[in-house]
Amino acid sequence: MNDEAIKKALESVLFIAGDAVEISDAAAALEIGEQELGRIIDDLMLQKEESGAGVLLKRVGNKIQLCSNPAYMPYIDKTLQPVKKTKLSQSLLETLSIIAYKQPITRFEIEQIRGVRCNYSIAILIERGLIDRAGKKKTLGNPMLYTTTDEFLRHFGIASLKELPELTQG
Amino acid sequence: MDDNEYKVQIEQFEGPLDLLLHLIGKARIDIEEIFVSKVTGQYLAYVSSIQYLPLDRASEFIEMAAILVYIKSRMILPSDDGDDELEEDPEQELISRLKTYKTFKEAAEAMRAFEECALCAYYKLPEEVFDERVELEEMSLQSLYEAYAEAMARIPDTEPEHIEEVEIRHDIFTIKERAKHILRAVNEFGSATFFSLFSDARSRLEVAVTFIALLELIHENVVSIRQSDFYEDIHITKVSEEMAG
Amino acid sequence: MNDEAIKKALESVLFIAGDAVEISDAAAALEIGEQELGRIIDDLMLQKEESGAGVLLKRVGNKIQLCSNPAYMPYIDKTLQPVKKTKLSQSLLETLSIIAYKQPITRFEIEQIRGVRCNYSIAILIERGLIDRAGKKKTLGNPMLYTTTDEFLRHFGIASLKELPELTQG
């Protein structure tokens, strides 16, 4: 086989292997010298790198392996990452509503209103990107203050907090 | 042919139609000629070996034998005029079944070639499964508003006093008083466990002050602490006078 | 992205996926139309086939998947000793060929053609993922109907049922 054919056979082997393959093993299978294969590998690596190929070749010690080009990671995520749609639970929604109307607000103040501890809901709301930490309150213990985020506005389809329905004092 | 030879041969056929096709092929005749050839007789000879086949397979071969015998008997007996034209001609029906079967047998052979080629291509295992990406479903502003209104409606009117109460309690716990509490517990049983110190705590402030008092006692070498393993309860014992001295 | 960039991103996605990926999912992730992606896929398939690439692109129904080029099978076998898929037995293949050409079809109809009982072959074919149940026939007794699957296409290396060899009327 010429160099080009060896490159193709090598890619075929590495593709199915998935894992790293010993260069010596590949050389034996392809019936060429290890040194010669090493030279071809260097050439192929460079070729793939320079062309921005979807799948790159990497050396890992005395092994070689195919890996996806990090440049295309967002497309991989988008195609393959399963998406789970969820609704906010009532308790998350309540915590969020209090933060929305009373921001900036401390956890203690939220808990005073809700009458239950809110560590968990606050952590989840932060993780979902709906609220964020916004400095500390200048009071005893300097508790953390929370505000809503732009993601919050986007999620509820409003341009600013002014669009929140006004609370009719009962 | 002896019985053993029948057995070996009949087993390699997929069923009576397969065997008939084989016999037709061997006799180098057209399917249409099956009833004027020796093929049906050969078939019956094969089927006589059937005692070696499992019953469910054997029944299929025997059923076909019955059909063949019936067709032969019809050819020998003079037919009642008129009647025959109404009922299906079993001869033509069998010929048509043989043709259909032959078509699919040939298709299967062609597919075998595809299969052989396709089996030379390998597929790669998927990489590790990705974590789920959680996406929130659209929610209405109305639901947000309602949640807030509901939460606000639940607040007792005495809210300001309630907070003041907490602040008054502030002075109840002093490090000195809490240190005494710890020593009382340690003295009573010779040692106390860390969690038991907080078991009757009524507020976060009390926990905090008790904890500071404990640190103070350790610092002054009045008590020592010991933990047998990670996350285990911590044992607090009084440091003996000599060691403390 | 231009066509070449889309090809690379697609290869990257398919490399990580391993399994067949719905063309519609890939199109959504790559932010192009499904038809346009279809055209690019055809182009890439041909390109890889003609250059004798180590890894080929295959259509499987409405999905696409990478597979090793059969030409390099000996090298893969020598390096990796992969688990080989087994050939179908004659009786499974006969049953399957009838289903392939006559689908959707009931067991009784298959048995009429083969002249033998087919419960066992049907059970095995379902277990191997080559056929599937596809509702019930609106006739006396409502018998189950069977159709072939994407795994069937993959097993025979064809993109659609249209590629099945033509039936010769005997």
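Read from first to last, the chains carry the letters A, B and C; within each, the first residue is number 1.
Everything below uses one rule, namely that contacts are C-beta pairs under 8 Å (C-beta built on N, C-alpha and C of every residue); 3 or more make two chains touch, one makes a residue touch a chain.
Please read all numbers here as calculations on a predicted model, not as lab measurements.
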Quiz item: Which one chain sits nearest the middle, judging by mean Cα positions?
Solution: B
Quiz item: In terms of C-beta pairs in contact, which two chains are most connected?
Solution: B-C
Self-check item: Chain located farthest away, centre of chain A as origin (C-alpha)
Solution: C
Exercise. Give, as an integer number of Å, the spacing between the C-alpha centres of chain B and chain A.
Key: 28
Practice problem: Report the inter-chain centroid distance for chain A and chain C in whole angstrom, where each centroid is the mean of the CA atoms. | Solution: 32
Quiz item: How big is the gap, in whole Å, between where the Cα atoms of chain B centre and where those of chain C centre?
Solution: 23
Self-check item: For chain A, residues contacting two or more additional chains
Solution: 15-16, 18, 80
Quiz item: In chain B, which residues are in touch with two or more of the other chains?
Solution: 122-125, 127
Self-check item: chain B - residues contacting chain A, complex
Solution: 122-125, 127, 130-145, 147-155, 159, 162-163
Exercise. Write out the stretch or stretches of chain A touching chain B in their complex.
Key: 15-16, 18, 77, 80-88, 90, 93-94, 96-98, 100-101, 112-115, 128, 130, 155-158, 163-165, 167, 170
Practice problem: State the interface residues of chain B toward chain C in the complex, per the touch definition above. | Solution: 14-18, 31, 56-57, 60, 64, 97-108, 110-112, 114-127
Quiz prompt | chain C residues within the chain A interface of the complex | solution = 5, 7-13, 15-18, 21, 25-26, 28-30, 52-55, 66, 68-69, 72, 75-76, 78-80, 82
